[in-house]
Structures are given as C-alpha cells and as structure tokens.
Amino acid sequence: MGSVAEEVLRRRLPGYRIVRHTVPGIKDLPGAAKRILSMGCEGVITLGWVGRREADKLSYLAASVGLIMVEVLTGKIVIDVTVHEDEAEAPEELAAIAVDRARKHAENLAALIREGPEALVKHAGMGLRQGYPDAGPIK
Amino acid sequence: MGSVAEEVLRRRLPGYRIVRHTVPGIKDLPGAAKRILSMGCEGVITLGWVGRREADKLSYLAASVGLIMVEVLTGKIVIDVTVHEDEAEAPEELAAIAVDRARKHAENLAALIREGPEALVKHAGMGLRQGYPDAGPIK
Amino acid sequence: MGSVAEEVLRRRLPGYRIVRHTVPGIKDLPGAAKRILSMGCEGVITLGWVGRREADKLSYLAASVGLIMVEVLTGKIVIDVTVHEDEAEAPEELAAIAVDRARKHAENLAALIREGPEALVKHAGMGLRQGYPDAGPIK
Amino acid sequence: MGSVAEEVLRRRLPGYRIVRHTVPGIKDLPGAAKRILSMGCEGVITLGWVGRREADKLSYLAASVGLIMVEVLTGKIVIDVTVHEDEAEAPEELAAIAVDRARKHAENLAALIREGPEALVKHAGMGLRQGYPDAGPIK
Amino acid sequence: MGSVAEEVLRRRLPGYRIVRHTVPGIKDLPGAAKRILSMGCEGVITLGWVGRREADKLSYLAASVGLIMVEVLTGKIVIDVTVHEDEAEAPEELAAIAVDRARKHAENLAALIREGPEALVKHAGMGLRQGYPDAGPIK
C-alpha cells in the first residue's frame, strides 16, 4: 500500500517533498501523523491493516479517534485508509482492495492539497468506493 | 443529501454565505468541519452515510466523537446527520430517509442560527423524528 | 423530562436564573452544554432519550464522552441523564422512569450547587437509584 | 467501598488531608476528580459500581476515558476502581470483591504518593489481583 | 515482559537512562506514560496484560485512546504493547507471546530513538508480527 500511495503522490504533486514513515502498529499512526505534520507537511495519508480479532477492532477504533484528534488539533488533512482482514477471504483479493484503496485515497489527498477543500464536491453522492467498484449514485 | 440541505440553508438563511465541502469518508468529517468553522462559519451540518459492517459502525463512533470534540472546542453548532444502511432494506426507502433527515436537520440548523439556542425548546418531548414520521409526544 | 427538571431546579434554587435549551439529538448535548456553561451557568443537567438500535447506543457513548469532556475542561458540574428505550417495554413505564430520573438528578444538581461537592456523601453506598426504586445499601 | 478506602488512606498517609466526595453516577467521576485535583490534592481514587446492562458498560467506557483524560491533563495520579455486577452472582461475594479491591488500590495510591512512581515495580508480573486472590507470577 | 524490554533497551541504547515504573492496572498506563515523558524521556514502551472479560476489553480501549492522546499531545513516541489472555489457551504459550512481543517492540522503540522516524520503512508490508512468527510479505 505504501509504495502505491507514494507513487500517486509523487506523480500528482510534483514539486512537493513526500515523506514516508513506517510504524510498528496501527495505534502508532496518530503519533507519527502528528510528528509528520509538525515537520511542516500539508497533509498525511495513513495506511493501516486491521486484523480479525476483537482486539484489532478496538485498536482500529482507538487509532481512528486519535487520527481525528490530530486532524482537529492541527487543522490539516489526515486521510486514514485501512484494510480489514475480514473484508475478503482470499489474500489476493485483500491485496487488490488494499492497492485500489491506497491509490484512490492518495488521489483524494493530492486533489485536496492541489485544489483545496472543494475539490471533491463533484464526487458527492456518486457512490464512489475505495477498494471496491463504485456503487453508483443514489437513485 | 448535500443538495437538499444546501437548498434549505439557502432558502432559510438569505444573506448568509453557504459553503459546501465533500470528504472522502465519514472519518474525514470532523477535520473538515473544523476547517470550515475556522474560515468563520457560524455552524456546520455534516451528512454521512454509514455502511453495515462492524468497521463502519466503529468509524461512525470515531467520527461522532470527533464532531462533538469540534463542537466543544469551537463553541459553534455542528449538527451531525447520518443515515445507516441497516435502517432499511430498500434503496429507495433509504434515500427517502436521507432526504427527510437532511432537510429537517438543515431546518434545525437554520433555526438555531437565526433564532439562537432556545429556538427548539417548543419541540422538546414532542417525539419529532428526522428520517421517519414523528413519534408524537410522550403521553 | 425537561419540565420536571426545570420545576425542581426553580423550586430548589430560588434566586438562580434557569436556562433551558433543546437540541436536535443527543449528540448535540455536549456542544450545547458547553455553550450554556460559557454563558456563566454554574451547572448543567442534560436529558437524553436513547433508542434501541446499535447506532443509538454508539451515539449515547459519543455523547457521554463529550459531556465528560465538557465537565473536565470547564471544571463545572454536568449531570448527564438518559433514558434508554430498552429499559422497559410499556411506554408509560418508560415515561415514569424518565420523570423519576429527571426529578432525582435535578435534586442532585441543586444539592451540589447549593451545598458544594460534599453534598451527596451521605447517600454513598445506599443503593439509591434514579428511575427505579432504591436498591438499598450493600449489606 | 468509600469507607474502606478512606480508612486505608488515613492510616497510610498520616498528615495528609483526605477529601471525600460522592457523585450521582459513574459518569460524574471524571469531573469530580478534576475538581478535587484542582483543589490541590496529589491523587484521587475513584470507586464505581457498574451494572449489567449494555448502557452501564458504555457508561463505564466513557467514564474510563474521562478519568484517563483527567490524569493525562493534570499529570497527577488517578486510580480508577470499579466493581462490575456481573463479576459475581451473590451480593455478598460482590461486596467482598468491592471491599478487597478498594482496600488494595487505596494501598497502591498511598504507596505511589509516599514512595513515588517506582513504588510498585517490585509487584510487576507477580499476578497480583485486586478483588480476587492473587494469580501468582507468570511462570 | 518488563525485564525483557528493559534488557533490550539497555543493550540497544547504551548511554541512555532507562526508567521503569509499574502501575496498578492498564488504565493507569497513560497517566504514568505522561509523567515519565514529562521527566524528559524520549520515548515510552508500555506493557499491559488484558483479561478475557468484556470489562477488560473496554479498559483496553480506554487505555489505548489515552496512550494515543499522550503521544499526540507530547509529540513523543509511545509504543503500546499488550497481550490479551484470549490469544492462547496455554499459559506457557501466552508467556511466550508476551516475551516475544515485548522484545520485538523494545527493538522497534530503540531503532526509532536511535535512527529516527524512518527507521522502520524497510519493514513495511513484510508481514512482521510481534508475539507470533512473521506472516511474510503480501504477495
């Protein structure tokens, strides 16, 4: 996921410095995101893998609350992308979801940074999905 | 949902500037709400769609905590409207809930902004529901 | 519930100004409590109705965390009263719980404001219940 | 539980002023802890009773997050002791758990205040339990 | 777990002062981590044991949110290591998980402190597991 997102950001944001960190587990994402934003970055995309156990789900919740806290406290964009192991049975299917989701959300981050907060209005209610085929607009 | 809410706000708050943003997912709502309020807006209505999976419910919880945090930290009004996919089976029923709820809560936001915090006292305990027919007062 | 609590507070706190707000949903309680305390109030009692769906329970959790956050950040008293629809089957029973609980917690708020934080020590461990008959002391 | 903890603290911390407050419900613990610490106290032990319903569990979670927030924001010690009604069937057994746990954690608080943060290192991994017989060290 | 982590940190971080605290329960970890960081430490590894009961899981969640809050507020590294009793049936298996996880995460902490935040990028997506054999890279 990291390489996919990094490639999109480098392509879509020429002239920007792209910084990449790796953390031991998903609960370490908010702290790392905060440190990256404190370095002066304009936005962060975090990529996390969430296991099937109850503890994994609770860790996901804690990490999500933390990432939102970072976004609220810094005022900067943090896009929090996760793949949950129970989204699919086959490993290759999970990998495909991960790649698709990382790519589409990296595109979202690049658009928000390049074009500002109204960049995605044209996509609202179109049933766009990350990791899956688009669901289409609400009829 | 966005167009419905926007139309109500434009009609009920003539003279106000209405700003509309779109975010990649519901967990991005608190950060965006914070940025919108920092631009000087008096209030925000957020519209979110919540899937059926456990991860969606946890994301809903994280987003809700974040939006409350934004409201507490800024002192401004944030009305957090969501439709949960498990509220109904038929897509058209879900769409009707979404439209009704967006409309009624946009009316609430407009009333709170126009008339101040006591605007809704007359509705208390009347069993008003957003997205469904009103339940009626507690007897 | 609002009228019951208001009546108790007016009777027990003569000379105080009692302010009453109504919010669209329970997740709006923390923001409103914060705004009321910022107006100079010494304490707040919030009254919320919690549905049976999972989303309602998660909203209850988010609202509770938010109200605690308000209390911690302001240093003032916030008593958070809720009635959960799954506490009883019959509507009249639910209404009785709501009235009893609102009344007893309004008494608690009035006592804490009048007599200070040690006002309730005499009640500790006595099995007092709000919304139900008292359970009696632990033997 | 309150009397047991109070007796331990008075015996172990001679020369200290011991303050005791009572709150309407467990969700009121964080706010009260914050107010007590703002009075200048060095530490707080909170004693809470948690019912069997889902709402009680969610209230426990909200209260726990709040107490941790108080500890993080103040830098002072807050020991959060609870007894859950589903820990035992017989009321006398529950009462025994409550007394044992309140006593042992009051001893912990007194040791941390008297001897500083390294006071409990000798107990690490020894399987000490509060409310139950000790489990013994991990072999 | 404490001794294992301490030994790794002493070996990998010669010249550093290593401080070790013990807390009564996992909910006390965030407050203690905050106090240790306020003493001037560069990072913290916390080691927690999580029981099988629902209350234990909720305590795990509260502690996780608190530790993330500490990391976000201080900007320093907090690695939160836990072993859940339901990860294995046999006590010796649980003990082996605990030792392996404490050791590997202490190595992570030492690397992040010695080499800075990009220390772990080479491990990303390699399926490294703490407490279990590595899962291998995503194919």
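We call the chains A, B, C, D and E, going by the order they appear; numbering starts again at 1 in every chain.
To be clear about the criterion, contacts are C-beta pairs under 8 Å (C-beta built on N, C-alpha and C of every residue); 3 or more make two chains touch, one makes a residue touch a chain.
Just so it is clear, the model here is predicted, and its values are computed rather than measured.
Looking at chain C and chain E, the chains that touch each of them are D. If each chain is reduced to the centroid of its CA atoms, chain A and chain E end up 24 Å from each other. Taking the mean of the C-alpha atoms as each chain's centre, chain A and chain D sit 39 Å apart.
Touching of two or more other chains is recorded for residues 61, 65, 69 of chain B. In terms of inter-chain touching, the protein chains here make up one closed cycle, each touching precisely two others.
Ring order, beginning with chain B and continuing to chain C: B, C, D, E, A.
Residue ranges of chain E in contact with chain D, taken from their complex: 1-3, 20-25, 27-28, 30-32, 34-36, 38, 53-55, 58-59, 61-63, 65-66, 69-70, 73, 91-92, 94-95, 98. Those residues of chain C lying in contact with chain D across their complex are 50, 57, 60-61, 64-65, 67-69, 71-72, 75-80, 82, 84, 87, 105, 108, 117-118, 120-125, 130, 138-139.
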